[in-house]
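Shared chain: subunit A. Partners: subunit B in the first complex, subunit C in the second.
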Partner chain A sequence: MLEILLYGAVTSAIYALLAVGFTLIFGVARILNLAHGSFYALGAYATYVLSSTLHLPLALAAPLAVLCVAGFGVLLERVLVRPLRGSQIGVLMITLAASLVVEQVLLITFGSEYRNVPSFIDGKVAIGHVDIGGQRLLTLGVAVVALGALLLLIHRTRFGAAILAVSQDPEAAQYLGIPADRVFAQVMGLSAGLAALAAVLAAPFLTVQPGMGLLPMVKAFAIVIVGGLGSIPGSILGALLLGYSETIVAYLVSTSWTELVSLVAVLFTLVLRPAGLFGKRAAF
Partner chain B sequence: MAAYRHVLSALIPALALVAGALLPSAASAQTGPIRIGVPTPLQLQVGRDTIDAVDMAIREINAHGGVLGRKLEMVVADETENPETGINAIKKLTADEKVDVLIGGYTSGVTLAQIPHIQRAKTIYLGIGAASPAVTRGVRTDYENGKYIFRAFPLNSQHQARALAEFINGVVKGELGYSRVAIIGENAKWVQDLVPLLRKGATDLGMEVKLAEFFDTQTSDFSPLLSKVKDSGAQFLVVILSHASSDVFVKQWYDARFPMLIGGIDVKSMDADFYQRVDGKAQGEIAANLGVRAPLTPKTIPFWDAFVKKTGRAGPVYSAFGAYSAVMLYAEAVGRAKTTAAESVIKELEKTDHVGVVGRLQFDENHDIKAGPGFINLFFAQWQDKGERVVVWPKEQRTGKVVLPAWIKK
Partner chain C sequence: MTVRRDLVGAVLAVSILAVAPPLVGSSYLVGVLTVAVIYGLWAASWDFMSGLTGRENFGFALFIGAGAYTAGFLDTLAHLSPWWGLAAGMAAAALFSLLLGFPTLRLKGPYFALAMLSASAIMQRLMLIFWETTGGEEGLYGIAPLFSSPLAYYYFVLAATVASVAFLVMLARSPWGLILRAIRGDEATCLAAGIDVTFYKMVSLIISAAFGGLGGALYAHYQLQVSPQLFSVVTTITVIIMVYVGGMGSIYGALGGALLLTLLTELLRDFGQWRLLVYSLTLILILFFLPGGLVAPLWRRLRGGGGR
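Moving on, here comes the complex of A and B:
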């Protein structure tokens, strides 16, 4: 039982970091960003390159990797997404294309083998009768702090106020002197940075290979559908629901059934409550 | 109508001439280079090692004048791990490239999908990657169509299950004195074939199988499964995986210091750089290997060293042993048959008695490689301190004893 509680919390924390970024950019710019999984993959590979190839200390490599991916997010928005933002289908296609390009570039550069991203903490921690890797606990802690900081950023700062304003009505915000385009780019960067942070934390104990972005992307999508597109609290709740459901299924039924959980959750949500749990438009 | 007939009668000889020029005649097919088609997943180490090993064998044979006075040449096609792409690779090699023989393979699911196309093309296939017994089943059930298929490597999963049971008996039960095991394996065809046999084998040995479970090949979090194994009270965890992430599996076992020894068939842990790749977290894992740098035959060490010199990599993975030997034994069969005609070469391949790089190679009545002492066998090696790979089973090849990781009590 304690195992489910602990491991479920770690899984939920990773999912929440991924889903919140995904929902954030949708809530603000109405962009369904199919390249979100690429941010996750790039975060892991950037850490790998900086720490294992360039031999930077992990404490420096990790934040650098997050910054690089955030920069890539901004670039993606400026160069590829912005010209097509008027068309939902156009944005879907261009972000899908970007994600495929990223995967192929990773494949050509690094091959399909699994890569090792070093852990911040090597030892294990015993909580009750449960042994858990220190890196997992660190992931949980950092994710909680990061999400808390994000909520503070949105609700307590001028930048947050600008995000809220643009998410409610970009044109009206523009008339009030808020540079909507710049906010879109910054939010894309923030969203990419959160996905990269998830990768930096989870890559030491999860998979690092070129196709690693797809599954988190699917999970983030599922969580956002369950939680309600554009809602941050909905995404956090969705992440908890999915993270714990998967862990419970893995423990009590079989690990081979876990991937089905998110799909079933999406199906039920779409049939019973298509707007999701917190499904109001742009409801931060 | 008459004019139409007139045009047609003029066209037919012209078409025949063009066809004659385009299609190689039987005579020219027997004089040009002997073409070896290599369908293999290029993005994976097994694929790259296959190509390097085939290339090594071809260079050696050509340096000695080739076969029947003809040089050998290699044509590669990427079969990936996707059956559809695998079928296209076979079509490309047989229909477009018109190869004389196919040497390759990795994923059983892909190989099984390719087989009908290989048989239709009436081209000899020497599998060196896939382990499912179903690959050579057609030889027994429908010899006329199935005879083109041989498995030159690795051991099929039935033989692997038997070798694993012997290891459990000799080391897990005999030396470590354990009585409780758990078996987990990836949900793939060759493992589905292997696990029931292994479970029965372990039970027959008097071992208590506390848990037997499959996991998805895409699994990235093994912690729930490892926790279940721990809770089951198993002292040794037999793991069987090839396509799933061995790296993640051992890291998660090590990170939480799960209190059971792990071992079994973990294909990616056969890589010479596996220990470094996972930051030393494989220490203690006992994995089956199909070849080690030891004098298994007079050819083992020279091949290993030449491979390392050629590729600059730490050592070959299993497909390299099979690929190199398969080219050699095919060349010998063609030499004996004095032709590359499939029917004649098959007859000679069936008589194969070849000392390969990791053992003696003979085919059984199913065109499957023979297993056991004197033939091809599994070697169980443990990753020990500083990434040293120590052979702990079978006894004849042993280079050291099992060492338990610090957090595991006997």
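Moving on, here comes the complex of A and C:
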């Protein structure tokens, strides 16, 4: 029971980091970013290169990796997405193409074998009768702090006010002197950084290979649809629902069936409540 | 006038495809062309739903895989005559399209694209997880060929594709297709005009899926094996890139795009690992510089006259 509680929380935390970034860029810029999974993969590989190849200490490599991926996100928005933002299909196609390019470049550079990313904490911690990896607990803690910081950023700072204004009406925000285009790029960077953070934390206990971004992105879609596209509280709640449902299914039935949970959740949500749990007209 | 020229162009193109293998006399070319024509069938089917109604299907691989695996299971497990596989593949793909289209096509926005992408990715995982029945990474092998000679099979595939594409083009140019185009233009106006938008999208998805499944079954009987790679996003994106190269919404352009890209990649054969990278970069370039595609606009210019 305690095991389900702990492992479910870790899974939910990783999902929440991914889903919140995905929903954020959609809520603000109406960009459905199919390259979100490649941010995740790039985060893991950047940590791998910085720590294992360049031998930087992990405490330096990890934040650097997150920054690099955030920069990549800004670049992606600037160069590829912005010219096509007029059409939703154009954005979908260009981000899908970009994610494929990233995957192929990773495949050609690093090959298809699994890589090991070092962890911050190697030992295990005993909570009650459950032994849980220290890295997993760290993931949970950092994710909670990061999500809290994000909510503070959005609701308590000038930058957050600009994000909210642009998400409600980019043109009106522009008239009030908020540079909507710059906010889009910054939010894309933020979203990429969150995905990379999830990868840096989770990569030590997951498999790192070029195609690793796809399935987490599919999970992020599912969460965002369940929670409501564009809603941050919705996607946190959706991440908890999906993370715990998967963990419970894994314990009670078998790990084989966990992949089906998200698909079933998506189909049920779309039939019963298409807007998702928290989906409204407003973005947040 | 334009219809007659279209017919002349079609007959010309098909005769080139039919005559080329015996003239060149290489069994390698027969293989390449068989795959190219099957990709053409997939691209045309994708274009029929997504190009006409503007609802991009990012999980088309699901229908391809469903058709191929159904044909494979019928052949290797049930030992039915391989011909049943073609019909069953179409039916299985249509069933999946019903299952996924019903909840997603009623909704506005990106739900359809996302749900289809997720579904195909999850199907690929399921093929690996339930490896006892699906053969896992290796998939199903030992599927019986439909014809003993590869050339005969090529002609069969060519005939099936030409018939399917002709059917799809005719449907797209009928009043029925006009409604689909109208849905792409303005869904709200269509609703106001009393058109049951969801019904039309649903039926066009079922048609698109059925022909995708047919292509999948044909592919299974060509490769004589099926692998979970068929379900991958890469399969879908390859098909979509072919449609973009061909020009969206014309259907024959998609077939042309598929032939063009497959034959061009054969030239890049020595750079096998770069193939997908080249494909995705092609897509980015086309999106930026040739949003209308290449094959269909070129043909329209050659043919003269307006229309599609």
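One rule holds in what follows: the second predicted complex is superposed on the first by the 281 of 284 C-alpha atoms of A that agree within 3 Å, B and C clash if a C-alpha of one lies under 4 Å from a C-alpha of the other, contacts with A are read in each partner's own complex, and residues count from 1 in each chain.
Methods note: a residue touches a chain if its C-beta (ideal position, glycine included) is under 8 Å from a C-beta of that chain, and two chains touch if they have at least 3 such contacts.
None of the values given here were measured: they were computed from a predicted structure.
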{"item": "A:259 touches, of subunit B and subunit C: first, second, both or neither?", "value": "both"}
{"item": "First (subunit B), second (subunit C), both or neither touched by A:88", "value": "second"}
{"item": "First (subunit B), second (subunit C), both or neither touched by A:11", "value": "first"}
{"item": "Which of subunit B and subunit C A:225 touches, first, second, both or neither", "value": "second"}
{"item": "Partner chain in contact with A:215 - subunit B first, subunit C second, else both or neither", "value": "both"}
{"item": "First, second, both or neither for A:97, with subunit B first and subunit C second", "value": "second"}
{"item": "Partner chain in contact with A:3 - subunit B first, subunit C second, else both or neither", "value": "first"}
{"item": "First, second, both or neither for A:112, with subunit B first and subunit C second", "value": "first"}
{"item": "Residues of subunit A at both interfaces, subunit B in one complex, subunit C in the other", "value": "107, 215, 256, 259"}
{"item": "Subunit B - residues contacting subunit A, complex", "value": "43-45, 187, 213-216, 218-225, 227-228, 245-248, 251-252, 255-258, 268, 277-279"}
{"item": "Subunit A-facing residues of subunit C, complex", "value": "54, 56, 58, 100, 102-104, 106-107, 109-111, 113-115, 117-119, 121-122, 125-126, 129-130, 233-234, 237, 240, 244, 273-274, 276-277, 279-281, 283-284, 287-288, 291"}
{"item": "Contact footprint of subunit B on subunit A as seen in their complex", "value": "3, 7, 11, 107, 111-116, 118-119, 122, 124, 130-136, 204-207, 209, 212, 215, 247, 250-251, 254-256, 258-259"}
{"item": "Residues of subunit A that touch subunit C when the two form their complex", "value": "32, 34, 80, 83-84, 88-90, 92-94, 96-98, 100-101, 104-105, 107-108, 214-215, 218, 221-222, 225, 229, 256, 259-260, 262-263, 266-267, 270-271, 274"}
